[in-house]
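In what comes next, subunit A is part of two complexes: it sits with subunit B in the first one and with subunit C in the second one.
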Partner chain A sequence: MSTETLNVVGKSKLRRDGLGHVTGKTIYVNDINFPDMLTLKMVRSPVPHANLKGIDFSEAEKVTGFVRALTYEDVPKNIYTILTLIGVGPDEEMVLAEDKVRYIGEPIAAIVAETEESAMEAVSRVRLDLEELPAVFDVEDALKPDAPILKDWGTNYFVYEGHHCRRVRFGDVEKGFQQAQFIIEDCYQTTPIEHAPSETTGCIAKPEADGRITVYTNTQALFFTLDNTAIILQVPFQKLHLVGGTVGGGFGGKVDVIVEPIATLAAMKTNRPVKYVFSRQEEMQASSSRGAWRMYFKDGVMKDGRIIARQITTYADSGAYNRHTPYAVTKHAANIAGPYRIPNVWIDAHCVYTNRQPGSAMRGFGVTPASFALEMQMDKIADQVGLDPWAIRFINAYQNGDMKPHRKIVEDATLIEVMQAAAEMVGHDLPEEYKSMSSWARKED
Partner chain B sequence: MQAKIINLTLNGKNIDVMVSPMTTLQVLLRENLGYTATKIGCRQGSCGSCTVLINGEPMMSCLLPVEDVAGQDVVTLEGLMVDGELHAIQETFFETFAIQCGYCTPGMIMVSKALLDKNPYPSREEVINALAGNYCRCTGYEPIIQAVIESAKRMNSVGN
Partner chain C sequence: MAKFKGTGIAAVNYPTGMNLGGDPSQALIHSTTTGTFVISLSSTDLGQGLKTVIAQIAAEVLGVSFENVMIDTADTDTGPHCMGTFASRATHRVGNAVIQAAEEARKIMLEIASDELEVSPEDLETDGEGNIRVKGSPDRSINIVDLALAAHFKYGKTIAGRGMYMKPKSDVDPETGKMDPDSTEAHACTVAEVEVDTETGEVVVLSLKSAYEIGRQVNPALVEGQIRGGSVMGMAHALYETTHPYYPAVDHMPGGFSEYPLPGPMELPEIESVVLEYPSVNGPYGVKGLGEMTANSPIPAIANAIKDAIGVRITEIPITPEKILKALEEKDIPEA
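After this line comes the complex of A and B, so read on.
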């Protein structure tokens, strides 16, 4: 097709929102204010693991401007419902803590006040009666028999269809290791990463004359937020009117529905507009992060570079609660063996709870750390077998028609073509046998 | 403590404002006067989203008590357009895609203006140094650096 018949593809188009951005006319949620608007600030756990035995608001109530406090008893369905909506249970995170806290920054009670200053002052005067419990911060420590247990079901791992981890079994790795001429092992890990958007997470809930609540929010997932908020507050969906807009950076950090339910509840209880915007400290310390991962590889490799067996054991640090991590682990398990044709694969991918802030969505979460570990391992294999890093990838590259370890037939492979194009772009001259390869036409084995 | 009347110049207009002691310039601009181009990123002087010009110098308005700018010349992003025309820096940021989510953009443009007003021919290093106090989390630093260099060219070619 001639590109001259296209009016967008291949052409540079100015951004529709660009003039707003360079003139400052773009409105972000925290730029909106209403008369008589209240500010909501959260009382958060100062410790990583404790029994919550009581909350004393008596000094907070004396602060000029204090309007009211909200605890779990005010929340109609005090369950964080995000995984319910994608069909993953169990419901295990409270909107506001009831009898336990499991990470530093966990929300315990909301304070609504006339001004931000009075809300902060009142929060500082709330007295918590906490009985600290032993905490665990490492995924493998959390699976040891003597580890403090975070979950009511008695373990620190998510249960996948009756199993302690997400498992993939393909071929026979032990047989592969016996045949292999090299056994190459290593461990890779990633740290938690905070999205740190320039604009912190926030919303405004405003009661309207017709009884509905308008919620202005910088969520990345407007309808997800509508559903979750309605379920938590046990109101019909049409009672809520969600208004999204320009998001000042999200990167997955504004997918969790964290601020809207409690701000909307506060607006319903006070019949006044309520603003709830994270401080920078809350964004860094209490919002979800990209979870940490630890990934062990054991590969059986032949002298010609073929990987004939791959055994992987990985641990995702979900932090104290599920959020999106059980789902991320499933994606991870499907991808971590890589875009390679390996006849024997064994994967145990664990979703583990620790007393750290919950991990959740961030740019390819689950898969990004897998790719990091996997490609480090491919380089290590090339080094130990004595092959070029390009060669090791072409030799093992999957092609259309191959079966992936999780029993999916490859239909959209482009690895070979991407590597060929990358080699050309960096001026790396590939041997003819790799130049002539294709994802579609397999050479006779 | 009682509120005080403070006189200052904002985007070329001489105004009197009444503020409580220790009210920051950021709060005055955004909440009292409705000039919301000046953003809130961290409120601790780290991110540069709230940068305005005080007598031509870039300053973070989140750390600046209004009393400290009494009698001085304050310019926000809203004050950059002249007769409805974009300033060359605004035009360049827009046309060269030096923007993504837009949240850091006001601060980036204000520090760029301060730089180019004083130094019409900055080196790449000088541009990077000028932008060093401003965070972009969509990590579009390179297009921003390029936009400032291009802005300098455009401003010099029209003789201002």
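After this line comes the complex of A and C, so read on.
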């Protein structure tokens, strides 16, 4: 434990913006208004999978306050992938749908109007000519040969450097299973959840006299949003000026770059400020969610509780597009074997596309489902081997100096210490052998 | 039919940061003419308190008061690059950048003080309240306001610093999965106590008692806030929330909070926590990321507690009353 003397670090200073938040004085994006500001609302797909054969704006154009519509033809670089900046590709998501839609809620056309009411009225009058296609919703169904294929590259999975999944290979699991006295298997499933921020995703793009655009945004990552927006709109980076920094809850949902490109485009086309803020329904049904995960475990365990082989096959439901899921799968693969010392580990983690709103970043990014699954599995192992849930975790706990299955040496482990502290908190008297363990002293082999 | 109590545990690790593409953040710091230190960032505060903890870290390094440090964020014209606020990275990355920037500014501050007080910089110390004084002679001191005025109008010097922290890119070996994706690991262990009503299938979480190890607490009240918020978010993920109640089907999708159950004050369990501090090897003052992890350990702890209460392991979340009643029905059917 630390003994350094510090002056300010370690003190409970009052959160500087806290009073503003709880008294309603903080200015969020939706509190900002400019004279002459337009509202943008989105025409969205009502079906999970269809050919888009036509869009009829004729009735929408008659709505008082209608200013203009935007379709994919107005977007300079309409196909993008958000992680392009760190080399993840290929581009595969449309800013606005072109010939197909792949999930309920997919953006098809933007309507810009004088007021929110007129924008909503115009959106409701747009007629879509859609030819429905068979849809796939289950991750394992999506990998079957007869599944409708969602991607131009011909598969429903993300390709990791030539592999159909993110692989981790450590030791020899088959050998471990042969030596094991118990083989314990199960499957764990999470379903999508909503980030549920108090403040929905939104921005205002405002053309300035000098030709630049100021974008007031509640993004979690200003430069990430600036760079992606400039690339999509094919404008010089210095044309954009993003202002943010105060966000009414993000939880990962505001790492996608969803509202800024199209609002900025609308501002450029109309030369007026444009506000685009998600309704609560859009936030829940169209914006990305925490994707669902299905996780199969097969563990080889000795009578004394040591796990000597762990084989894991998992499927992340990315929905129709990448967003951040390919990256989440890699983080998941690095963590799903757990904070345990297991000599033989085999992981196949898939990023799978279905006709669902995209999954993306959310608090815990691939690790939350992993922790859920593996900590339920640890209890199942304890039950079957005949140990208590504390024992199974102490027996297998990793320590500093161990190597994780992704071949990283552990250097900041304190699993043993938090378990000891939690047991003490609830008055659970641990056996002496667990009380005396430490993350810094190697176990006897 | 009755109510059954159960206890479950879960122990988790959580990585700080995610650097597969390189993971940098920067900070700039300068003093105004009257000794207010302004830190320019482009980092966002999601409500977790980044603006507060970064000011604390800078004040600690500079040796001035917390109130003397202002945070100016986030504007892409004035703030240097930040990757973003996610991956439990902000306090770790931005904190390290701010330490570097503040150390540079502190060095200049002490050089000017050494000229003013006519001692070598090594013989100077800060009192944490805005005074730079000669070690062992506290009456020989200069206030930061006078020092900054002297810097600007007498010496023609800026008291400024720049800082950057980057975890370099780590490529993943496609065959073995070898990678170095994060900076450190925080840990948590949660003990959940639940009561399950086998007539209605409802689960009441009675308590969530957890131990956390997060390297170093910069601001314990904000840590407590993260713990309480995360615990309830985890509980909701375990029991209530789903946008696809009949996953993988896409029907019955909620469109608002009236159709999307979230816990309110009535559902809040007793939440207790202890926080251990084993400083990390690379965090600012040993910090590890805390934010995301707090939602993770309650989920399996609650699921395991439900198994303990009713003897059935339900392996899909959320564990709704509907799933509990179905599982109990299946359990009661004798095996053929």
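The definition used in the following text is that the second predicted complex is superposed on the first by the 430 of 445 C-alpha atoms of A that agree within 3 Å, B and C clash if a C-alpha of one lies under 4 Å from a C-alpha of the other, contacts with A are read in each partner's own complex, and residues count from 1 in each chain.
The working rule: a contact is a pair of C-beta atoms (placed from the backbone, for glycine too) under 8 Å apart; a residue touches a chain by one contact, two chains touch by 3 or more.
Because the structure is a prediction, the values reported are computed rather than measured.
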Name the contact category of A:Asn7: first (subunit B only), second (subunit C only), both, or neither. second
In the overlay, answer first, second, both or neither for which of subunit B and subunit C A:Val352 touches. neither
Comparing subunit B and subunit C in the superposed model, the one touching more of subunit A is C
With both complexes superposed on chain A, which partner does A:Ile184 reach: first (subunit B), second (subunit C), both or neither? neither
Per the contact definition in the header, classify A:Leu19: touching subunit B only (first), subunit C only (second), both, or neither. first
Scan A:Ile27 for contacts with subunit B and subunit C and give back first, second, both or neither. first
Touching A:Gly249 in the superposition: subunit B (first), subunit C (second), both, neither? both
Between subunit B (first) and subunit C (second), which does A:Ala147 come into contact with in this model arrangement: first, second, both, or neither? neither
Which partner does A:Ala263 reach: the first (subunit B), the second (subunit C), both, or neither? neither
Figure out whether A:Gly162 sits in contact with subunit B (first) or subunit C (second), or with both, or with neither. second
Find the residues of subunit A that appear in the contact set with subunit B and again in the contact set with subunit C. 14-15, 17-18, 21, 196, 246-251, 280
Contact residues on subunit C for subunit A in the complex? 8-15, 18, 20-22, 42-47, 49, 51-52, 55-57, 59-60, 63, 65-66, 71, 73-77, 79, 81-87, 128, 169, 172, 174-182, 184-185, 187-191, 209-213, 215-222, 225, 230, 233, 237-238, 241-245, 247-250, 253-257, 260, 262, 272, 274, 276-281, 285-286, 288, 291-293, 295-297, 299-301, 303-304, 307, 313, 315-318
What does subunit A use to touch subunit C in their complex? 1-2, 4, 6-18, 21, 48, 83, 85-88, 104, 137-139, 160-163, 166-170, 186-194, 196, 219-224, 226, 240-252, 255, 280-281, 284-285, 289, 292, 317, 327, 330-331, 333-335, 338-339, 347, 354-357, 361, 363-365, 367-368, 371-376, 379-380, 389-390, 393, 397, 405-408, 410-415, 417-422, 425-426, 428
Name, in rising order, each residue of subunit A that touches subunit B in their complex. 14-15, 17-28, 30-31, 33, 195-200, 246-251, 279-280
Give the list of subunit B residues in touch with subunit A in this complex. 30-31, 35-44, 46-47, 49, 76-78, 80-81, 86, 90-91, 93-95, 97, 99, 101-106, 109, 135-138
